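Presented sequentially are two complexes of chain A, the first with chain B as partner and the second with chain C.
Then we have the complex of A and B:
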C-alpha cells in the first residue's frame, strides 16, 4: 500500500466522494473527478486494481508464441499464446529484479529472456533458465519464480479480460446481463469477429472517464460535436442523427454497463450496412430473435463495459463517393495520469467476410474512428475541456458540478419500456443521459467499495 | 508470398543461402547460412550476440522436426551458453 500520501489527501477524496454520493441522485457529478491526483490514485487502486479489464481479442494471437504488451491501469502485462495454445496474461516484469522483459509492443517468441540478468521463461511464464545457476542458485525453486499471471483471466466470444483481484466475481457474472448486448456485437456469426490490423493508440489530454461515459449513450453530442460530418455526408442523419424519440434506444442499469442503440422502425432492415452474404449468416448464428431484430434494424450500437472498454458498431464512408461500410470498433480508455489518457482502438469484422470486404471495412473505420478519423478528432477537442475544468482551482473552490440530468424524471418525456425483451432498463428515446448516470453510479460504488475480500474473507488459494 | 501446408506465408523470399538470412526477435538474433563441406552441405546457425555457432547436417535438422518445445527450454537452462556467467 502506498501508505501515505497523507491523511489529509485521503480525506479530501473521501469528502469529494461523500458529496458525490449525495449529488448522484440529482444527476450531478463533481468536476474534480475528471482531473485530480488523489482521485486518480484512488481509482487506479479501486477501479483498475479490482475490475475486469479488457486485454485484447483472441484473434490477435493466431499462433503459439504471438504476444502483445497490454495494460491494466498503468501496469504492463504480456498477452501471449503459449506453445500449447493457452492464452496467458503475465506481468511484464522479471521475477529476479523486476526489469521489464518485453520491450517492444508485439512479437513472437518461444521464450522470454530478461535483458537485465537473462533469467529466461517459457512463453507460458514458467522459469526455465538462470545464468550460473550451478554456481550461485543451486537451491532456487524454479517453479516458485515464474512470471506472475493476472489474478484471473477469462474470455467472452473472443474478448479476453483479466483482473488483478483474486476475489473479483467471475467474468460471466461481472459482465452479467450485459452479455446479451455484447453478443449482438461479437457473436453475429459462427466464427465470431476478427481484429483487422494493429490497434491504433494516441494520447489525449482528457480523463479516461470522458471516453467511457460518452460511449454509454451521449447521443445528444453528435449534432454539435460531429456536425460537420453530418453536413458533408461522411455519416448520415439516420446513423448519427437527431435526438428525439425516433429510433433511439438507451439501455442502462445493466449490471453497471450501458448501451445506446439507433434502430429503424419495426419491420425495416439496416444490418449496420452489412452485405447480404453476411446477413444470411447472422440469421443462422447464435442470436435469439429479439437480439437478431435489434441487429436487423441496427444503424448504430455503442456501449461501455465498465470501466474502460467501449465499442461502436457503425457504418461510415472512407470517401463520400464510396459506399458506407460497417465495422465494429473496440476501444479502451487507458489512464495515463490525472487528466490524461491513452486511447487504444481496434477494428473488427466478421471472420467470414472476404479479404476485399475487410480491407474496405478497415479503410472506412480509419476515416471515422481512428486518430486520423473525423469523429475521433472532434471528440478529443471537447473532452480536453472537461479535464481542464476538472483540474481548475475554480472547480475545487467553487464546488463545480457537471450536469447529467437529461431525461431524468421531471426532465424528460420518456418512460422505461414495459415490454422490453432484453435485460436492463430500456428507454425509447435518446434524449437522455441514463447510461452516463449508470456509469458514474458504478464508478462511485467501485470507488467506495470495501477492501477486497473484506466483506466476506476468503482464504488465499496459495 | 507462398503458403506451405501449415497455412503460413513465407515472408522472406529470394534468399541467397550462401550469404544467409538473419532472423531476430527482441530476445535473440541469429544468422542462418549454408556452408559447404568437401562432400556435402550444412546449415550454420550463428548467434550474433553470443558468438556461438553450430553446423547442422540434414539428418540433425530432420531430428529437430519431432522435438517438443520443452526440449528447447532444456537447451536454455543456461540462457547465455556454456561459457557465460
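Then we have the complex of A and C:
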C-alpha cells in the first residue's frame, strides 16, 4: 500500500467518526461502522487494545496447570492456572522467535515448550529452559524473557478479564456501577456460578457490534425475529413478547454498560424459573433487597459489558410439553475481520446446584442460546444483513445512517425513573433503544480517545 | 423378523432414505424414522493435548451442539414449521453424502433386534446466493432397532471434524 493510500484510509475513518459524533445526538449511527476495513483496524487498537475484555471463568481452571486458549481482539492468549493457583493470561507466543507455544484449545500442563527451538516456560510464564544455554546463551537473562502477560488481569465474582493497556483503569472502576447488575447474574449464591462444559464456537458473517448492541436491550426485535418461539410456546409473552411498560425495564448510562430486564409486577415471583431449593439460597447470598427483588420478579436479564461480553439470564422450554428451565449464558463476540465474528458462548449454573439440575440448565441454554438454539439461530440471519448493508457501496455513497431513535425524548412515552434504587438511568419501559445508544456512545468515545497514558476520563452521557 | 434379515443393502437403503428426507426437508417423515426413546447427540469438539492416555478425546459428554430426545426434536421441528423460523426461511439447501457404512455389535448386546452402525457423512450446505457451500463432515455412531419389521434410529452420536462451526446457525440435522 502506498503512503498516499494509507493517508486516505486514515482520513476515511476520521471523517466517518467526525460525522458519527454529530449523528449520535440524534440517535443515528453510520452503517459503515458495521463493516469497514479502516474502522475495523482502528477498533482493534482503540477498543480491543485498550479495554478490559472477558477471558473466561475461574471455574474453567479447576486445577493447577489447566489452560485454555482465549482471544483479546484477534490475538491468542493462554488462560492458565499456575502451580501456585494464580490465574495468568499469557500471549501464546514464544519469546524467542514468536512461534505458537500452545497449539491446542485446552489441556493441563506444568510447562509450555516451544516446538521450534524448545524454549521452555513454567505455567506461570517464567522461562526455565533454552537449548545449548552453556554454548550459546550464557549471558541470557532468563527473568527478562518470560512469556508476555496481559498488562492487567483481574476478576469479578469468578469472571476473569484482561487488558493490554497498562494505563487502563482498574477492573473495579472499568465495570463501575454496572457491578450492581452483574452481581445479580453471577453472585446469586454464596458459591457463585460455574461454567458447564466447553464453549460453543461458531462463525457469523456479521460485525461483533451487532451481538454486543443487541444484548444491551434490543427488546423490540424479539416479537419479530423470535416470533416462531412465541407461536410454538418455547418462550412466553412476558419473556419475548411485545414491548412496553408491562414488563420492561431498561437501564443505560451505567459507566458505558447497559442492561435490559423483563420483570413481573411488584409482588409477583418468577426467579428466572429457578427451583425453590435454589431460590432459598439466593435469599442468603450477597444480593441486597433491591437486587433480590429484580431477581425475584426476573423473567429475563440481558446486558453487555463493553466492548464484547454479553450475558442472558432467562428460561426456556427445550420440549414444549415440559416446563421452562432457567439458564445463564455468557458470550463474547470476537472480531474476525470486517463484517465477521466468531461467537464464543458458555453455559453457567449456580455451583451449589445438583448435577441433574446442571444438566437441565445446559440443555435449556443449548436449546435456546447456542448455534442450534431456537433464539440464536434466527439472530444470526438478521445480523448478517446489517454487515452486508454496512459493507455496501450504497452505505458510503448515500450516507446511510441506521436508526437508534426508539424511545428518545419526543419519541417514547417513558421518562427515566426518579426513584430507581440502582445505578444508571432506568426507564420503566422497554419500548426503546437507550442501551444501544449507550453502547455506540461508549464505542465512539473509545474510538476517538487520546493516546494511551494521556488522562482521558470517559464520561458516559447520552 | 430379526436383525439377521437386514443385509448390507437394507442397511444402506435406510441411510439413503434418511438422507433423502433430510435433504428434501421432509422433517416429519424423518421423525417417523426415529425410535420413541431415541437419544441424539452432537458433542462439541475442542482440540486437546494428546498422548497422556490412550483414551484422550477431543470430546466430552458435557458440551453439545445438539443433545436431543424425541420431545426436543419434535419441538425443534414444530418451530421450523413456522413461517417465522428465519434461519430456515428460505431453507438451507443441503446434500448429504453418506458413506463408509460399517456394521458393529449393538451396545445393548441385543443382536436380534439391534445393530450398531458407523457412517461417514459430508453435508454440503448452501445458503442465500453464495456459490460456496459450508461443508460439515463427521462420523456417526448409530444404534438401529427393528420395530415391527422396520429399522428405526435408536441412538446417534455425531463426531464432527470441526471445532468452530462454519455454519452461522445449526438449523439442520445431521
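Here is the rule we use: the second predicted complex is superposed on the first by the 449 of 462 C-alpha atoms of A that agree within 3 Å, B and C clash if a C-alpha of one lies under 4 Å from a C-alpha of the other, contacts with A are read in each partner's own complex, and residues count from 1 in each chain.
Rule of thumb we're sticking to: a residue touches a chain if its C-beta (ideal position, glycine included) is under 8 Å from a C-beta of that chain, and two chains touch if they have at least 3 such contacts.
Since this is a predicted model, take the numbers as computed values, not measurements.
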Which superposed partner A:31 touches (first chain B, second chain C, both, neither): neither
Partner chain in contact with A:372 - chain B first, chain C second, else both or neither: second
Touched partner set for A:131, first chain B, second chain C, both or neither: first
Partner chain(s) touched by A:232 [first = chain B, second = chain C, both, neither]: second
First (chain B), second (chain C), both or neither touched by A:395: neither
Partner chain in contact with A:83 - chain B first, chain C second, else both or neither: first
When both partners are placed on the shared chain, which of chain B and chain C touches more of chain A: C
Contacts of A:108 with chain B and chain C, given as first, second, both or neither: both
Contacts of A:187 with chain B and chain C, given as first, second, both or neither: neither
Common interface residues of chain A - those touching chain B in one complex and chain C in the other: 104, 107-109
Residues on chain A engaged by chain B in the complex (per definition of touch): 63, 83, 102-104, 107-113, 118-120, 122, 128-133, 135
Contacting residues of chain A [partner chain C, same complex]: 104-109, 196-206, 224-225, 227-229, 231-232, 234, 317-322, 342, 362-363, 366-367, 370-372, 374, 376-378, 380-382, 384
Parts of chain B lying in touch with chain A, wherever the complex brings them together: 8, 25-28, 69, 72-74, 76-80, 84-85
Touching residues on chain C, where the partner in the complex is chain A: 42, 44, 46-49, 60, 62-67, 69, 71-72, 74-76, 78-80, 82, 84-87, 163-171
